[in-house]
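Chains: A, B, C and D, in written order; residue numbering restarts at 1 for each.
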Amino acid sequence: MGPQHPSTHGVLRLKVSVDNELVLKIEPVVGYLHRGMEKLWESLTYAQVVPMTDRLDYIAAVSNNLAFVLAVEKLMGLEIPKRAQYIRVILAEIQRLASHLAWLGFMANDIGAISVLLFGFEDREDFLDILEIYAGGRLTVHGLRIGGVPYDLDEALIALIRKSLDDLPKKIKDIETLLTKNRIWRHRTEGIGLISAAEAIEYGLTGPALRASGVAWDIRKDIPYSSYQDFDFEVPVLRGGDVYDRYLVRLEEIRQSTRIIRQALDKLPAGEIMAKVPRVLKIPAGEVFHSIEAPKGELGFYVRSNGTDKPERVKMKSPSFINLQSLPLMCRGNLFSDIVGILGSLDIVLGEIDK
Amino acid sequence: MTNTGFVFDVLIPVGKIVAVILYPMLMTIVMIWLERRVVALMQKRLGPNRVGFQGILQPFADAFKLFLKEDIMQDQADPLLFKVAPVLVMFSSLLAFCFVPLGEPIRIGTYQLTLWIAQSPVGLLLVLGLSSISVFGVIFGGWASNSKYPLMGALRSVVQILSYEIPIGLTVLSVVFFARSIDLVEIVNHQSQAKIWFGFMLPVSFVVFWISAIAETNRAPFDLPEAESELVAGYHTEYSGMKFAFFYIAEYAHMVLVSSLVVIMFFGGWLAPFPNVPAFAFLKVIPGFVWYLVKIMFFLYLYVWIRATLPRYRFDELIRLAWKWLIPLALLNFLVVALIRYIL
Amino acid sequence: MPDVEIDRPDLEKVREALVERFGAAILETSYAHKELSFRVRKEDLLAILGLLKTDQGFNALNDMIGLDHPAPLGEGRKRFSVLYQLYRFPGFQRVRVVVDLDEGEAVDSIVPLYRAAEWAEREIFDMFGIPFAGHQDLRRIYMPDEFVGHPLRKDFPLEGNEACLLKI
Amino acid sequence: MNKVSRFLKTFFLVDILRGLAVTMRFYFGRKITIQYPEEVQPSPERFKGILRLYKDENGKPLCIACKACRRACGTNCFDIEGVRDPGTRTMRPVKYDWKLDRCTFCGLCVEACPTTPKSIRFSEEFRMATADKSRLHFHLEDMYLKGKDLQKFFQGGSKT
């Protein structure tokens, strides 16, 4: 399958051995989108790396920004104003909504529900519009800067965000009617792509895929960053470890994200939105690893500085890369048609895998 | 007098033959437009509305594009089978239309113009048999392409059609029991006498037939042979240009054929609603073939509606559905119908 | 070995356990930005990771990071480093284990301990040319198989080498 | 009881009929398509279209050729040269090359611009299709184009 195939979410190639319809062996081949990002970052200044991170997980650009920016700030020991932290949370959660809704569409399309693709994308459009109004970009947002956020949220935008959040539950409900209870959808997803909690940890799985296997692990909750400790939200955990549970976990996360955004909007403190950052950023030598809970899983950046304005090494820990590794395990004993469903349920983005 | 003889003996049959070829084509064109528009509307989109009024000329634009496209054949394909396959698929669908009546006979003076080419006493069997031939085209196409996705699509198609022929046969039998004929025209006439359409008399038969018919025509949610997220385009992945268009037209022609069958067998063909009920006699003002077309369009619409709503079945579930649900249900239904018929 | 001030007791415990068990194998311990990091002898890597996994409960491998140091780091340091970022759940702690390597020097593969390392080791092999002894399937992962050179080495030109040109 | 109702629900295809109802509702519902060439979605204020240089109200270039944008750029889009105006003490650009095909629309150049109002800003122009690759390389005079003139430039018409 692939690298050109209607359902491979980018340019992924899967070497599949099948016995009629039964999958015997499956081997993902990646690298078709490799752009040498990590090499490129070594020649850019820290500020210039931030827009480059948009291009990794292009479905959730702000999450990438956030992870890198937080890592650099941790290295600098920079304290970010509270308002900026809240705005970051709002943006990151809007990005999570956009990412999950896009995923919902892709996933439904993989299983053959062509309409839900459009519904998911339509709902996502609302949130992309918000990002566009905020920072001028829809996918490659470049919405954060080292030291804070570039723009403030004004009343009109806050009202728009609230309106989009209010519209969302109804739209999700329609999608649920079309999928969650539908027998074909359940047939196609329940008990498919099983992975147990122990295996999931062994394979380093993170994000919704891990939570669907019964491990309550959400960095927002367990190692809070950017003021996530201020908000009250739940981490959905299900025990099934199959495609259906991953779908349910993501749907629940959409609801929890709306809760977080609402709280952040309510509690939005006044104050600065940028910390004092010198124009030419020279970061003290050192190394740091910081990770956040991106829509697809744990997204980490290892940043090593040698005291100049350019990083010596930036390594990205991309959730899709790790999650894709467990695809062969999940596909064992399943049928050919299930591969696309399982692949879809992992929510991979090749821009992130291939860097 | 010789002049009219010529008209009746030569021109009308030729005209009918042309009509039988044109009718599925025309329906295909309408169907392509309908499908794209309806699915779009159901997805909160507008769909094609640029070419002609409301995009009605869009199918012609599509066809024109396909004509202009390069006709590619793989190096490793089997040339003969590769070329035969689309023709076979097309041919079998069109041939079946010969036996499908398009409306009640029209009386012109003393001459009775029948809206069918052949009225065969075994019309139903012929139609079902001919439409099943198209599976050979699918197999040939999938095999001759010498490529993995078409092959899998072809394999799936065979098993699918084999499985779903059985419930179709069983439900058809229950209709035949009541109509006491497998002549399509007779079936309609019988419904006219029975004052009720068989669809309301035999709801289970109808539902089972309809589900199986969707599977027969490889439409969503049973479009496994051409599941685009798994098999790219299934058995016609390697086809392009006119050969692809043949497959495409054949698929829609097949849908029209199946819809016609459903209408004839379960919904009274060209009969107006409530046949032979005096209170509703005024409905007969509208000519039969209009009723007929309206009914066919409804079922074609249903095809599209279902496609816009449901996810795709998986292969093993498809077979399970056929063998564990539809066939037992059809058998049970058949028994009950037979019993009722015996008692009556 | 310089003593390190750690302000978190759980991580301090990890350090004590490691130092007690391996002593001289731990070449250096550092604690910066609330991250605990050990530099260990290459030969003892598997044993140390095994201890961390079984006794200390660091059950998941977070990431593996390859480094190519442009300038020598000082006495006893080598050109390359491989960093192992480990995780413990529940408890949600991270530690980092570092091994230093010379050009062409192999390090033991940790796939038997952490399955997640399979692709990560392939990536480091691809990008730095560090061989992993015992890895079942050590091939390039991103670059084409016939590619020459290892892109993330500091001496690899940013514009690419002639192997980057497409051979059509 | 529960089992019976579940069986009945399955048997009578309740889930599928519900789904059909939802699509039917959308069928008659509001459509979201925007018919592009006739209707154009208004761009938000911060929309990142093509970069454009601006002049002040007297038609004097705002740009002072300080090359801050060039330094800020992560993709080397700019090639700028300036001369000092003999009359005034300010610099003005004589060469301002911008490569659209390299630009990632990150906005670092706009942020770096020291003049007030900023001399380089994003315009609302998002139509940048062209058949001629050389049209992706803007020079000083092209940087002031907008609207129809810009489209003419892309189409390869008169290079004003």
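As a working rule, a contact is a pair of C-beta atoms (placed from the backbone, for glycine too) under 8 Å apart; a residue touches a chain by one contact, two chains touch by 3 or more.
Note that the coordinates shown come from a computational prediction; the quantities given were computed from them, not determined experimentally.
Using CA-based centroids throughout, the chain positioned farthest away from chain B is C. When the C-beta pairs in contact are tallied for A-D and for A-C, the bigger tally goes to A-C. Compare each chain's C-alpha centroid with the centroid of every protein C-alpha atom shown, and the nearest one belongs to A. The mean-CA centres of chain A and chain C are about 26 angstrom from one another, to the nearest whole unit.
Here the CA centre of chain C is 42 Å from the CA centre of chain D. Chain contacts: chain A has residues 115, 122, 178, 182 touching two or more partner chains.
Looking at chain C, no residue sits in touch with two or more other chains. Residues of chain D found to touch two or more other chains are 16, 19, 22-23, 26, 32.
Inter-chain contacts occur between A-B, A-C, A-D, B-D.
Partner chain D is touched in their complex by these residues of chain B: 38, 41-46, 305-306, 308-310. Of all the residues in chain B, the ones that touch chain A in their complex are 39, 42-45, 152, 155, 220-221, 223-224, 227-230, 232, 307-317. Those residues of chain A whose C-beta lies close enough to touch chain C in the complex are 30-31, 34, 36, 38-40, 42-43, 74-75, 77, 201-204, 215, 217, 222-223, 286-289, 291, 298, 300, 302, 304, 306, 312-313, 315, 317, 321-322, 325, 354-355. Contact residues on chain D toward chain A in their complex (touch as defined above): 10, 15-16, 18-19, 22-23, 26, 32, 44-48, 72-74, 104-108, 111, 122.
Those residues of chain C that touch chain A in the complex are listed here as 32-33, 35, 37, 59-63, 65-68, 70, 83, 85, 89, 92, 94, 96, 114-116, 118-119, 127, 140-144, 151-152, 156, 158.
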